[in-house]
Amino acid sequence: MSPTPSPVPMSVEALNALLEQVGAPWVRALGLEVVATGNERTTLRMPVGPALVHGGGVLCGQAILAAADTAMVLALSAALGAFRPMTTVQLQTSFLRPVPADAGELHVVCTVLRRGRSLAFGEVEICTADGRLAAHATTTYALL
Amino acid sequence: MSPTPSPVPMSVEALNALLEQVGAPWVRALGLEVVATGNERTTLRMPVGPALVHGGGVLCGQAILAAADTAMVLALSAALGAFRPMTTVQLQTSFLRPVPADAGELHVVCTVLRRGRSLAFGEVEICTADGRLAAHATTTYALL
Amino acid sequence: MSPTPSPVPMSVEALNALLEQVGAPWVRALGLEVVATGNERTTLRMPVGPALVHGGGVLCGQAILAAADTAMVLALSAALGAFRPMTTVQLQTSFLRPVPADAGELHVVCTVLRRGRSLAFGEVEICTADGRLAAHATTTYALL
Amino acid sequence: MSPTPSPVPMSVEALNALLEQVGAPWVRALGLEVVATGNERTTLRMPVGPALVHGGGVLCGQAILAAADTAMVLALSAALGAFRPMTTVQLQTSFLRPVPADAGELHVVCTVLRRGRSLAFGEVEICTADGRLAAHATTTYALL
């Protein structure tokens, strides 16, 4: 018996259209954009604009949390070959370094660690443009 | 040697002013509002508006993550008697039930579990108006 | 349509027999013992013996992690009215205070936060005999 | 101003001696052994013996939790060039696949993601001998 073949992953364009179509307006305001994708890994960029900077002069952690959750939905849709209803079970995020207000943009790299029948696991690395890890997240999704 | 006396906690008004002053504009757009506070526990409400609803017709998880992080900053400021620079070390959130688009508002209850010299730990319960737990978070903060 | 009635929870004796029967020998060596149970909450005690103390003179964190995972299996079996095959999806533990080698025993209190069809969520408080919170865990289980 | 040079990492032998010296007896019973180390990454092996197998016929999750915590202490000691007092702040573990009782041994690979002045962050991959990821953990340590 051969293993189930991997589905054809969604294109960058299809993922960006999906985000536009199903993302909540408040989340779409983050300006996240898929820049690369594949069966296991999907990368987004997020501009560090003034609306995301808090009184301490650095990127607010809430934007990082939201980016991690969004990245996993898109990476999983890419891996599945299509959007399927799914729900976040849990998201754990560690904040390693503050992101300065003038960081320009962040890279959000989501790797699907395991895709089971009903549960999927992922890891998200959030890096500044110089490649330094700013935050790291792990997450579980239930496929409905 | 007697233990350090607890500081006078901040008022509801002072906490809402703090959120207005230091919150990133994108976070303030959530409409979070402190409704009760004390030395150990601070409660916020968050309206479930259409900007927070995703294509599946329920509240986006990203809003819950952002609410949990915001609640902890305010609860900790309340417990400390004043805002102090702090940074999120980690936030773990579990999503127990979807929140329907017509839920009206959520209650976000943050309890400070431990306030050490350099680290503080908290727990956040996110409930619908009928008191059912929709999400549960635990978090660590570094006091700078 | 009325909600499914809660099953009759397992007794303290039945839970201790279950632990003896299905626990791995290395886990049983912890000496965990169920002391109270109910539909939503199950409490265990764990003796702080010398085999659990590391070179720093305090209880090793590994014992706390193992106690939290074990407590959730038992609390969930109690709530379900019988042992059912299940698997840990994730466990997040925060360590709030060191537990001294002479602490005597710990109380491990597990609350089932939500019991769904396929996933269950729990919270575990690990306290010293004086009631101080030493560690706090949240966990997700898949019911098979 | 040049960055602080990385210390000379501890040898495999020194790390195994450290584990023997500071590990709690109950943790040492796991039979963990360091097999490779470096400034950023330290790898242990753990035999899957019958004392670690629960009634369901697979490796107990408690052993995985304990291995992850132990690996991080050793990886961090390696990176610091010597053992320093430290304490686990939090450990989040996701369980991706059950480990069969006849798996032989596990590889526990710990990567130090960031080593700050007072906090350090790590990631632990627990794999079976065929390289499949069985569990994944992230952790925070406070350097005392």
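To keep things simple, chains are lettered A, B, C and D as they appear, and every chain counts its residues starting from 1.
Assume a contact is a pair of C-beta atoms (placed from the backbone, for glycine too) under 8 Å apart; a residue touches a chain by one contact, two chains touch by 3 or more.
All values derive from a computational prediction rather than experimental measurement.
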Next item on the list: Using mean Cα positions as chain centres, tell me which chain lies farthest from chain B.
Entry: D
Next item on the list: Determine which of the two chain pairs, B-D or C-D, is joined by the larger number of C-beta pairs in contact.
Entry: C-D
Note to self: With centres defined as the mean C-alpha position, give me the chain B-chain C separation in Å.
What the structure shows: 27
Next item on the list: Averaging only over C-alpha atoms, locate the centres of chain C and chain D and give their separation in whole Å.
Entry: 23
Next item on the list: Averaged over CA atoms, how far is the centre of chain B from the centre of chain D? Could you give it in whole Å?
Entry: 33
Next item on the list: Please list all residues of chain C that touch 2 or more other chains.
Entry: 89-90, 92, 94, 140
Next item on the list: Would you mind writing out the residues of chain A in touch with chain C in their complex?
Entry: 89-90, 92, 118-119, 140, 142
Check: Across the complex, what residues on chain A touch chain D?
Finding: 92, 94, 96-97, 113-114, 121, 123, 133, 136, 138, 140
Next item on the list: Over in the complex, which chain A residues touch chain B? Could you list them?
Entry: 21-27, 29-30, 50-56, 60-63, 65-66, 69-70, 85, 87-95, 98
